[in-house]
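Presented below are the structures under discussion, each in the form of structure tokens.
Both complexes below contain subunit A, partnered by subunit B and then by subunit C.
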Partner chain A sequence: MAGLKKLGELQKSEERLAYLLLLPTLFILVAIAIYPLATVFYNSLTDKKFASSQEVSFIGLRNYRELLSVTVKELPPVIDADTGEVQIDSETNQPVYERAINILPREPFRFRAMKQFNLFGKMYVIGATDREFVRAIGDTLAFTVVTVILETILGLGVALVVNANFKGRGVMRAVMLVPWAIPTAVSSRMWEWMFNSTRTGLVNVVFQNLGIGNGQIPFLVDTAWQIPAMITIDVWKTTPFMALLLLAGLQLIPKDLYEAADVDGAGMIRKFFTITLPLLRPTLAVALVFRTLDAIRVFDLFQIVLQNTRFSMASFAFYNLIDSQTMGYSSASSVVIFVLISVFAVFYIRLLGAEND
Partner chain B sequence: MTKRITHIIGRIFFWFLVLLVAFYMLFPFYWAINSSFKTENQLQMTPATFLPRDQTTLEFAPTFQNYIAVFRNERFQHGLINSTIVAVSTTLLSLLIGSFAAFALGKLRFRGRTPSLYIILSMTMFPQVAVLTGLYAVIRVLGISAIPSMILSYLLFTLPFTAWVLTAFFQGLPDEIMQSAQVDGATPLQTFWLILLPLTAPALVTTGLLAFINAWNEYLFALTFTTIEVDARTVPVAIALFTGEISHQEPFGEIMAAAVVVTIPLLILVLIFQKRIMAGLTAGAVKG
Partner chain C sequence: MKTNRILWTVASMMMAAAMVLTACGPAATEPPAATEAPMTEAPETEAPMEEITLRVFAGNVGQELELTKEAAGRYMVLHPEVNVEVVDTPDFVEDRLGVYLQLFEAQSPEGDVFQIDVIWPGDLAEHFVDLNEYGAADVAGDHFPAIIENNTVDGKLVGIPWFTDAGLLYYRTDLLEKYGYNAAPATWAELEEMARTIQEGERADGNEDFWGYVWQGNAYEGLTCDALEWVDSSGGGTIVSPEKLITVNNDAAIAAVEMAASWVGDISPDGVTGFGEEDARGVWQAGNAAFMRNWPYAYSLGQADDSVIKDKFDVSPLPAGDAGHGSATLGGWQLAVSRYSEHPAEAADLALFMASYDEQKARAIEGSFNPTVMSLYQDEDVLAATPFFGSLYDVFINAVARPSTATAPQYADTSRIFYNGVHSVLTGEVDAMTAFEEMELDLQDLLGYDVGQP
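== the complex of A and B ==
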């Protein structure tokens, strides 16, 4: 009996010690993550301004409506008052349509035209109350999808090469850590210089030699080139990380599986699809989602290279906090990012759970 | 015979791939080094040259003026000092606090262990930008200056990772060590300090390195918290906002020199601790 009691006491003191040791970590995480997150949620419902003594009022979901309202409206053709027929532009020979600004709603927020398109002979316009943010969502998602796909394919290629047994393998692995170790701020400036808009920029020189452009392509200013340039930089910087994760996965695959396949006379390609790819699947899944979560919150690259000409979701939030000082509005955009990332994170934890069962 | 030929072709193709990968990964950094040794005029030469060359004779003619300018630049000097203070403090704090938590999570029995583990795991994926405005408010309430603000806020991404990886390491240590220490009359805390912590030294080095590199490279918080306190800027912010002493145009020669200067120490660290870093990077993501 006494022994049992003592055991119980021991257990209790062990528990007390555990809580004591966990306390600093939990306290810090509450102070710098959970409490600030709650403040961000609350601020997103207000019109709070940064560094201002102006009274703050609660405005409900107004910030979100202003951020996310998107509408599609048909643009009717202009009818000539005299003839009663559709006006035709004499230069282009196309029907003249009503101006988007007259069609898009103005209440409660003014919608601005983002894009016009023609569908089944009718003209439509997409309007958004905050063109910049809607565009940032589109750009960030496109950036995420393309970089993650490219990084996975290239990373897998690199991992397969480095996984082979050859002299200099150690050196190669060290080489792979170089782009990863360079601070993003630094690599952004390095690439900014290579993407320079004259023939002093390396990319322009190479492109001109390949017969693309006249050596004056403004990669970082021209809207058609901006996102491809961002993707190029990110793929260079992050492919090695992907390759390292996949390499670790490749090394978990038992060697005797390949030996058995050799005995059966299976070729390289067959071995890849029947052994490597299926057994790499768990690692691949984890790496994919890790990268996705990282790409959605991309900040450094967009903020440094594109300045304030075009935004990722994160650089939009930053711009609205520091440059526009609209703290409530910025908070609302942060919440949108948080929700998007949480959806992916839940998916990730489910995936891991499924792998463990 | 044909088998040998295909073998040789295969080898050639393989080495071609290896060289291609190495070229792809190293070339941009090489280009930065190349540009850092060029004068403003050499940078304007078209087409761009692969080595710093004299404009008329085209002879190899590197210059050190960019490096001299960078080291004379006060903003950059401050940046190096600030970055060192911030990154070292963040690393030490997260190792200290994280190893406490990891010991509890990895070796002690208590109620609420599993939820705590989940909280820490989910924190490793926490998006920094989501708390940006809230964290700024907290820091203004606390009234602390930019450098301690950065140290505190960097724990957001270093602490959960450190705690998570170290927990896995503690779990891997055999229970017998703790039991025999207890039989000898050591308290759990003594066991932790005197026996377990020295055993985790390799894991401490790995996680410490990763925390250091992440803190050294951080940009978002550093940029936000130093908007008013310009003297507290760290190296990434200094480089992103780098402007020349003389010319109005972006001084890319100096920027590249600065880029090389801040990257070299990281590369040395990475080359020395290559194996440890790789183990640490994959520990969070890949579980056998």
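== the complex of A and C ==
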């Protein structure tokens, strides 16, 4: 009995020691993560102005309402005052609808038209109080999905190539990393020049020779081209990183498995799908989590190349903080981004983790 | 396994938090790399005082930075106890303001002298010292009174004028002659017609990259300047009138911006909606444009020995619209001393030195930067180097100011609403009528002023 009791005490003192040892970590976490995060959250409930001595007042959830309010309204057709009938546009032969700006509510925040669409013969308009933010969320998600898919496929291809045995493999592996080794600020500028809107830009010259456009496509200004251009730059830049991670995974696969498969007479494709891919899955999972969370908070690329003409979520927050000086509003958008990323991260990791169990 | 899950969840939340914070926090940005001015070996003094370092945050458009460094070098020769570092700042005005604001938010003594835009004194006054207390009162009378007035906020002289700017029309004399025109265009319609003729002719002659007219169309402060010129010269007012009425939404303004939108892809490149000053100058100085709207600084660069258009161009006032007169937006930069500087007296002395008669003269000759000291417009050396300072004197003194006084301290937001609205019309995203209605509503929300007609 006495021995057991003693064991219990020992356990307790070990527990105490464990907590004591955890303290420094906890302290650092509070100092560098919890405290700033709490400050951001608190600021998001105020109208604080950046770099100003203006008095700060608490405004509750007003910033969030202004950021996230979205509405759909029906646009009634315009009735001709003389005939009492619906006005028809003489050029397009379509009925004329009331203009969105007159229909969307203006109180307490003004809704701005985002998109009009026709459903069952009626015209509707989607309005948002901050259409830039709503658009930034959409753009960032689209950017994330497309870049991660492309980088994974291309990265896997590159990794398989440099994993094979050939002369000059070491050099190839080093060369492969060059795009990733260039700082984004530099490579963004480089691509900005290549995407130049005149024929001084390489992309325009190439496109013109391929018969696309007249050599004057404003890639970085035209809204239809902006996001594809961003995706191109990011894929060029980050595929090597993906390849590097996957290469590490490939090297962990024991060679004798392939030898056994050779003996059994399996072909290249069969070997890839039954040996390489299943054994690469844990690495692939980690790489995907990394890239997805990285892509969703993309900042530098958008900030440097698009210069506030179109935003990613992070550059939106930066723009509102620095250029608009609306620190409270910017903090609110940061909190929304934080929640979005957390949800993403939790789901992602659960999904992958569950499969691993 | 369950604890493991929770741990993962917590870990991923932390990771997300850290990522958001690193991405969006009010980043503790290092100031851009300071570059030492060229003349650092200052002569030894007998009683070596403690050396102090002053940092000047200056622009880098054209030869600006070089000239500022030279001025800093001259100051250090006169004041060996002072070490002046010239810090390069971003070209885009908004980005430059961003750098400054980050220093001011931290009340950082990192910067002593700041080059500030003519539109900033109202918005930024609280961060600068009153230069009148440091001897500026004696020299203020030498400068253009309108600029001194602009820089005076509540009786406090926020910045000493350094150079002034006004929008000008650059045109190729050789091409005008080639196509049978004997004078620069007097109206926008004439400009359009001449630009189209020259562009078609030059392209037929084999220069596929030739454009009629280049200007600043990116969504930034520069577009506010350009658009204000179109609008004001058409009788559409100045966005917000000095009497604090929101006048932006009127037929003349809408027509003026629609006119500019029709240029895009016709006489101006499709990419002009992404152009800043230096992009426009790039096309112009390569000899690929017949006309350019730009500030005076482009003159001396175009006249440089390695320029292909040397002696083939001239400048004139911008064309007139329905108002019957052309309009040039007033630009220009001041030197201000930070309230957070550790050496405000020395910094003010440096600022006054850099804005003095001799220094402005050097900048006018080498860089065609318009002096703010009135008597320099009669100086023979200056007029020999940049003859248009004399011939276009009226343009400079009658330049139209952006509504920075009427809207202070909300000018930055006012301008943003305006240039974003105009930009959406130029790119064809929104029709002009809707864009101007939206601008009007946005300005009402922002400023709370009444709506009026110009």
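Methods note: the second predicted complex is superposed on the first by the 310 of 357 C-alpha atoms of A that agree within 3 Å, B and C clash if a C-alpha of one lies under 4 Å from a C-alpha of the other, contacts with A are read in each partner's own complex, and residues count from 1 in each chain.
Criterion: a residue touches a chain if its C-beta (ideal position, glycine included) is under 8 Å from a C-beta of that chain, and two chains touch if they have at least 3 such contacts.
Treat the numbers as computed from the prediction; the structure is a model and nothing was measured.
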(request) Tell me which partner A:199 touches in the superposition: subunit B (first), subunit C (second), both or neither. (result) both
(request) Classify the contacts of A:307 with the two partner chains as first (subunit B alone), second (subunit C alone), both, or neither. (result) second
(message) Contact-wise, after the overlay, does A:338 reach subunit B, subunit C, both or neither (first, second, both, neither)?
(response) both
(request) Identify the partner contact of A:29: answer first if only subunit B is touched, second if only subunit C is, both if each is, neither if none is. (result) both
(message) Output check: A:147 vs subunit B and subunit C. Expected answer is one of first, second, both, neither. What do you get?
(response) neither
(request) Report for A:53: first if it touches subunit B alone, second if subunit C alone, otherwise both or neither. (result) second
(request) Identify the partner contact of A:101: answer first if only subunit B is touched, second if only subunit C is, both if each is, neither if none is. (result) second
(request) State whether subunit B or subunit C is in contact with more residues of subunit A in the superposed arrangement. (result) B
(request) Based on the superposed arrangement, let me know which partner A:293 touches: subunit B (first), subunit C (second), both, or neither? (result) both
(message) On the A-aligned overlay, A:324 touches which partner chain: subunit B = first, subunit C = second, or both, or neither?
(response) second
(message) Can you give me the overlap between the subunit B contact set and the subunit C contact set on subunit A?
(response) 29, 33, 36-37, 40, 50, 196, 198-200, 215, 293, 297, 299, 314, 317-318, 321-322, 327, 330, 334, 337-338, 341, 345, 348-349
(request) Using the touch definition up top, name the residues of subunit C that touch subunit A in the complex. (result) 1, 4-5, 8-9, 12-21, 23-27, 92, 94-95, 97-98, 101-102, 104-105, 126-127, 208-209, 218-220, 265, 269-274, 282-283, 412-413, 416, 423, 427, 429, 434, 437-438, 441-442, 445
(message) Looking at the complex, which residues from subunit A come into contact with subunit C?
(response) 29, 33, 36-37, 40, 50-53, 99, 101, 106, 110, 112, 196-200, 215-218, 220-223, 293, 297, 299, 307-309, 314, 317-318, 321-325, 327, 330, 334, 337-338, 341-342, 344-346, 348-350, 353, 357
(message) Quick check: in the complex, which residue numbers of subunit B touch subunit A?
(response) 14, 17-18, 21-22, 24-26, 28-29, 31-32, 35, 43-48, 97-98, 100-101, 103-105, 108-111, 113, 116, 119-123, 125-138, 152-153, 155-156, 159-160, 163, 188-189, 213, 216-217, 219-220, 223-224, 227, 235-237, 239-240, 242, 252, 255-256, 259, 262-263, 266-267, 269-271, 274, 277-278, 281-282, 285-286, 288
(request) Sort out for me which residues of subunit A touch subunit B in the complex. (result) 11, 14-15, 17-19, 21-22, 24-26, 28-29, 31-33, 35-40, 43, 50, 158, 161-162, 164, 166, 168, 170, 172-179, 181-191, 193-194, 196, 198-202, 205, 215, 236, 240-241, 244-245, 248-249, 252, 283, 286-287, 290, 293, 296-297, 299-300, 303-304, 313-314, 317-318, 321-322, 327, 330-331, 334-335, 337-338, 341, 345, 348-349
